[in-house]
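To keep things simple, chains are lettered A, B, C and D as they appear, and every chain counts its residues starting from 1.
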Amino acid sequence: MEIHWPLLLLILTPFLIGLSGLLSRNRGTLDALQCGQAGILVVSVILVAEEVLTSGPLSGLFYLHTDALSVWFSLILGIVGATGTLYAVGYVGEQLDRGAISFKRFQRFFILFDSYLAMMLLAVNVDNLGIMWIAIEGSTLLAALLIGFERNKGALEAGWKFVILSSVGIALALFGTILVYYASENVMGVSEEALRWGVLHQVADQLNPEAMKLAFLFALLGYGTKAGIAPMHTWLPDAHGEAPTPVSAMLSANMLTMAIYAILRFKILTDQAIGPLYTGNLLVGFGLFSVAISAIFLLTQQDFKRLFAYSSIEHMGIALVGFGLGGVIGVFGGLWHLLNHALAKSAAFYGAGLVLLRHEHKIVDQVPGLLHGIPLAGVTFLIAGLALAGMPLFGLFISEVAIATDAFTRHPFIAYGFLLVLTLAFVTLLYQILRMVLGTPVEQKVLKLGQRCRSFATVAIAVNLGALTCIGLYVPPGLSDLLGTILALFGIPGK
Amino acid sequence: MNWEGWLLTFGQIVLVLGFSPFLVGLIKKVKAHLQCRQGASMFQPYADLTKLFRKEVVYSETASWIFTVTPYILFSSTLAASLLIPTIFTPLPLNFAGNIVALVYLLALGTFFLILAGMDAGSAFGGMGSSREALIASLTEPALLLSLFAVAMTSGSANLSTIVYKTALLQDIVLDPPPHLMALVALWMVTAAETGRVPVDNPATHLELTMIHEAMILEYSGRYLALVEWAAGMKLMIFLSLVANLFAPWGIATNVSPGALGMGLVVYLGKIMGLAVIIAFLESMLAKLRLFRVTEFLGVAFILSVLAVVFFYILRVE
Amino acid sequence: MSLLSYFLVVTEHEKADVRFAGMFYLIMAHLGTAFILITFLIFYQTAGSFSFEDFRMQGHALPEGMKSLVFWAALIGFGAKAGIVPLYVWLPYAHPAAPSHVSALMSGVMIKTAIYGLFRVYWDFLPANIHENLPWWFGFTILVVGTVSALLGVMYALMEHDLKSLLAFHSVENIGIILMGLGAGMLFHSYGMDSLAVLGVIASLYHTLNHATFKALLFMGAGSLLYATHTRNMEEYGGLLKLMPWTGLFFLIGAVSISGLPPTNGFVSEWLVFQSLFLSFKEPSIFVELMLPIAAALLAFTGALALACFAKAFAISFLAQPRSNHARHAREVPLTMRAGMGMLAIMCVVLGLTPMVVIPLLDDVTFPLLDTTIRWKVLELGGWALAPVSREFASLSTPLLFLLLSGLIGLALILCWVIGGKLRARSYITWGCGLKANSRMEYTATGFVQPIKRVFSSLYQPTVKLEANLLEESRYFAKQRKFDFYIEPIFLKYLYNPVVEFFSTLAERFRMIQSGSLSLYLGYIFLTLILLLLFVI
Amino acid sequence: MSNLQITIGSQLVNLCSVLLLLTCFGIIAQRRLLACVDLFAIQSMFLAVMAALVAYLTDIHHIYVAAVLTIVIKVIILPRILKQVVRRLDVKRELALYVNIPTGLLICGALVILAFFITQPIVHLGFLLTRDSLAIALAIILIGFFIMVSRVKAITQVIGFLVMENGLFLGATAAAYGMPLIVELGIFFDVLVAGLIVGIYANQIQDTFSSVDTSHLKNLKE
């Protein structure tokens, strides 16, 4: 079993950097390390993608395994993770400068943050459902600590709710995993291999339908809780609202995406066992429900971080609908949606973080005229907001249209419902965003943003929005090939 | 257009210009008689016009060039409209220049500028007159158009001359009673409104608050007033000949032989003088309506014209 | 596109109302987009691709029900962008909010793209081939929508005293007229009377063109007024004709042609619409036969109201004495602005005088759609007169009318000279019942439309507030009287507000879902699990 | 091994799992927190015993490891931590319940039936002697969940969660003689960390809110 350095790097870097954070005593090296990590992440993820594209799936030592689907999600996690790291350096650094936190906790933050990233990267790059579960659970626990990082009432409450709810979810997911294992038994007997996704994928069509149904149900509920699918989404707005902003960004852009990834793995197996109808209906149902719920909550939202949180719920819902429909363009739409959403949403949170640092509150109608107040944040909100609302020229529009189209070719009424809730969500989100972006700032005391913070944030935002607009306007051939292979994985002839 | 055409057009201009003041005079005279007064001579309007033309013009300081050009535009648009209407001969050489819609809108052009002029001097009365005129004009136009259209449909054409020509040739269409009757009544009511006659407006009034047309031209004097008055006279003549020739085209000349033309002239003059007398009678009998009763009056006209169309379709024999 | 135009609208986003307008506009536009998307999706379903070529090939394969679905979706989708009743509501907010040149652009060009969409769908995609006939009620619905839009548009325009909102409402009116032409065309087409159908279509295309010109002209005029006086409120204008003669002249031309008065372009296209409506007696169905003339009558009504409206607009803004210091100190706008308007003004007249040039061009446009040309019969007398159907039926020659008018003006001058000799004139102050007439005695815009408002109060449902505090000595004299009235568009009142209400109350209700109780949250998951176990397995 | 042994063995296994179930009902019926913790410890004990039994019967050795881990973590460490927390916060008894005890018991009965009903079609799949306890495993998971829903105090919710974990472990063992060792270890590690984190949170919450009554944690809402 040969070693693939890029893959290994991709996963180990955050771990090691995080731990080495313990040793480095002064801040400069810490920042440097983090920047290095960001760089390495991007480079290695791209290398991995290259390798997979050229020479099929990779299997490294210790259950490491990377196929097209993993690569797709690694891309999302890697790139957004990188920008997130940069932003975190700026953001938490600012708090440090303001003396809000001690250097010790500054260190601790990065240890947690990096290993959190590592866990997520691990989760999407292992072949073993059990290990995947462990990684996800690990990321949950680390996330719990990160959410509570600021130790004020809100943070603690949010963290507590998160820990309880997502542990329950994760437990259910474990039961799902056990059931798959159970089902696999009478196909291949009791064996270590029986949890390897690749192996299961080959024998999936012989697995017992009843067991797989049950398994998928538990997996969906369990990982769905982490993916913030209504009605299991209740922890999400609190967590996103109260966590330190870089963490909120990671939660929204990476963790939810990762959870969806887990669901997809189960879906593919189940579909092979019992055909796509069952999983499809469940996914579409939950998806539509999530979009509707979030749309309604967006309307009366007073807190801009929660606002983005609800919009995340909405977008996860949209992606689910896409996957649930399961046609070529549907699945394509889902994947494409996840990528674009990750980029746009993290950017939005970066902007939100700046506003929060400056105003020290999160009330929507207290921060009008951001274009004048904090041009950087204003522009970010505007672009990211329009993208998230699904305006043309952005990838999210394309994916939404794709999903709608797929829905239409199957069941027009889903399409109508979908478009309806989508329009509702669009209106509500945009209404809120524009309330903040336009207008004239109200007089109130504001804190100044540190130079380093601003520069780091600028870089992070620039990268995200740049990538977002690029892929909105032009799809690199590499990506489209990747999509092709993934579709094949879904049992759909790639286009 | 051959020399006959030119001749006829010129003849029509002369006829309209020359005869319209007489109509006004005639109506005044008859009314006077009905009120047991001697009354001025029927030719008084001619004298008035010449006098006015000679008099010095006084215009308001606040007025702009709109005030000056309006009389000319009013005059010319009314006269142009009159050239679309068959009087003693049909089809007219200028027939192709426009149909009933063109007629209505030509008159509207005049009204438009008159309204502007009314506001131009900046006196309250002018504004009042303009505002009322705007209301009435907007209410009459649909009725006018539809009543004309009701007649138009019987002859399958929207060109006035053609309508009259056909009806003149085959007498019996005219006797297609219900639609035409309603159209006739509607047109008559519209006429009253458009030419500022009782019961819609009272040309003889000099109580500002009841004036409409008179209020708009309150600021005019001298030759401008003359032009406006003359235009008003022509407008009256236009509507009367519409009534006369659309509903009773008897005796109108359909070829250019001198005999036919002479005949046509005599009959035509007879018809519209008759109508003028009727107007006089009505004016002496009726009282002017309140402004907001006028809308109901015109509403009736509109309904009648609609009914005319409806009946046309229902009773059409095929 | 709606996105870009949104940013054009909110250029001056510091103003709250501008933001509201922008938001409203964006929402409606997006609603439109959604419906347009549905339209295309339906086509996609059969065509299997998004290329117009395939739509054209496959569109007719749709089942009847789907076709009517497409019809409605397209009508709502493009209608929302074009601003037909009842979807026009954003329009009077967005246009005034935008800077004038933008409003000119929006109203002149953008609305037209929506019309283009309608044409594409109804004439190009839906019919299988040129001779397939769509159900008659397609055209009829369009006709009705058009008529209502035209009427309501002008009605509300009359009550507007903000010059730009007034123009915006007139956009609604004109879209209505355009749709009337289109509707008549479709109606005839559905009965297979193509040569008549062409007439309707050409009429509506012609009016589209004209509207683009005169509406842009008027918006620029409004813009120059705004530039000169820094206010959009008509009641503060007045007497500007003397201060800004050129702007005044151009605005007058625009006003004349939007009121459809000869010999300008508005007149020609409205005339054409009238003709296509008059052709009703060739319709097989008696119901339609009845409806068309009535539509024609309503069009006449619309025209007359438009006339009243622009008489008001022009008279109040340009005539009599200035009503405010803004107006008193107004100056003529710079040459560049005048040049722009002048160009358009000339366009208006030229387009009016040369239908014989324009119509063949439009005919080339419509030819591929219906493969019938009417060029050879439209133009009579070597192209000097229009005879849409037959010379027998109706004809029009704007050049001749123009010559007549100018000639007769000449005649009038001659008469004056012959009878009256040389003009002797002197100017004097207006008679103000013994007082010195000042601008406060003038009729206001509000006063001007008061009779109409009163007559149609059932439609306007105006809210009038009149308060006076009287002198102690005698209750016949008041220290001051305060009068204000406003009109809430009927659809806003009965259609939109309820919807918004519904959603906000819904949202309020739903907030209890997120009550903050952890056990409740756990309960959701638990319940979902149990239910799924019970029913899905 | 003789058939007799097998049958006896599987009956013993089933017995253990039934005992597990009973302890769940005990927890439901119990108001006193410390007693709940004890019950949980006992339950874990039974779990370990069962695991050991399975290991003995099937001599798959890594299950012994699992059994040992269970004893170490779930019988010794976690109860310690919990008891500490309980003492420190001196919340002796849980007075507030969202659902009163009889109803709770009834519901749990219903849940057990549901569990059997659900697993019934797939039970025949397993050819292992422990397969019957799959239903019980599901039942325990549901009941654990129900405890979390119905109790107010943070501690009891944690206990509920741990009960779920036990159910899972039972499931794993019942269904498949336990997961592959590596997975097993990972799971245990996670459970341990989870317990620690919950402990940390409980303390911090106590510090900031001066109570662990989660019904107080209702500031974050719409």
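The rule we apply is simple: a residue touches a chain if its C-beta (ideal position, glycine included) is under 8 Å from a C-beta of that chain, and two chains touch if they have at least 3 such contacts.
What you see is a predicted model; the values in this text were computed from it and never measured.
Two chain pairs, A-D and A-C, are compared here, and A-D has more C-beta pairs in contact (counted per touch definition above). Between the CA-based centres of subunit B and subunit C the separation comes to 32 Å, rounded to the whole angstrom.
Each chain gets a centre from the mean of its Cα atoms; for subunit A and subunit C, those two points are 47 Å apart. Mean C-alpha positions place subunit C and subunit D at a centre distance of 72 Å. Across the assembly, subunit C contributes residues 510-511, 513-514, 518, 522, 525, 529, 533, 537 that each touch 2 or more other chains. For subunit A, residues that reach two or more other chains under the stated contact definition are 160-161, 164, 168, 172, 210, 214, 237, 297, 300.
Subunit D has residues 118, 145, 148, 157, 214, 217, 219-220, 222 in contact with two or more other chains. Chain pairs that touch one another are A-C, A-D, B-C, C-D.
Across the complex, subunit C meets subunit B through its residues 239, 241-242, 248, 252, 256, 259-262, 267, 270-271, 274-275, 278, 281, 286, 289-290, 293-294, 296-298, 300-301, 303-305, 307-308, 310-312, 314-316, 318-321, 380-381, 385, 387, 391-397, 400-401, 404-409, 411-413, 415-416, 419-421, 423-432, 437, 439, 441-443, 447-452, 454-455. Residues of subunit C that touch subunit A in their complex: 3, 10, 13-14, 16, 19, 22-23, 26-27, 30-31, 34, 37-38, 41-42, 44-45, 503-504, 506-508, 510-511, 513-514, 518, 520-522, 524-525, 528-529, 532-533, 536-537.
Those residues of subunit A lying in contact with subunit C across their complex are 160-161, 164-165, 168-169, 172, 210, 213-214, 217, 221, 225, 231-232, 234-235, 237, 278, 282, 293, 296-297, 299-300, 369, 371, 386, 391-393, 401, 404-405, 408-409, 412, 415-416, 419-420, 422-424, 426-427, 430-431, 434-435, 438-440.
Chain contact summary for the complex, subunit D toward subunit C: residues 98, 114, 118, 142, 145-146, 148-152, 157, 214-215, 217-222. Subunit B meets subunit C in the complex at residues 13, 49-50, 53-54, 56-66, 71-73, 75-77, 79-80, 83, 94-99, 101-102, 104-106, 108-109, 111-112, 115-116, 119-124, 126-128, 130-132, 134-135, 137-146, 149, 152-153, 156-159, 162, 219, 222-223, 226-227, 291-292, 295, 302, 305-306, 309-310, 313-314.
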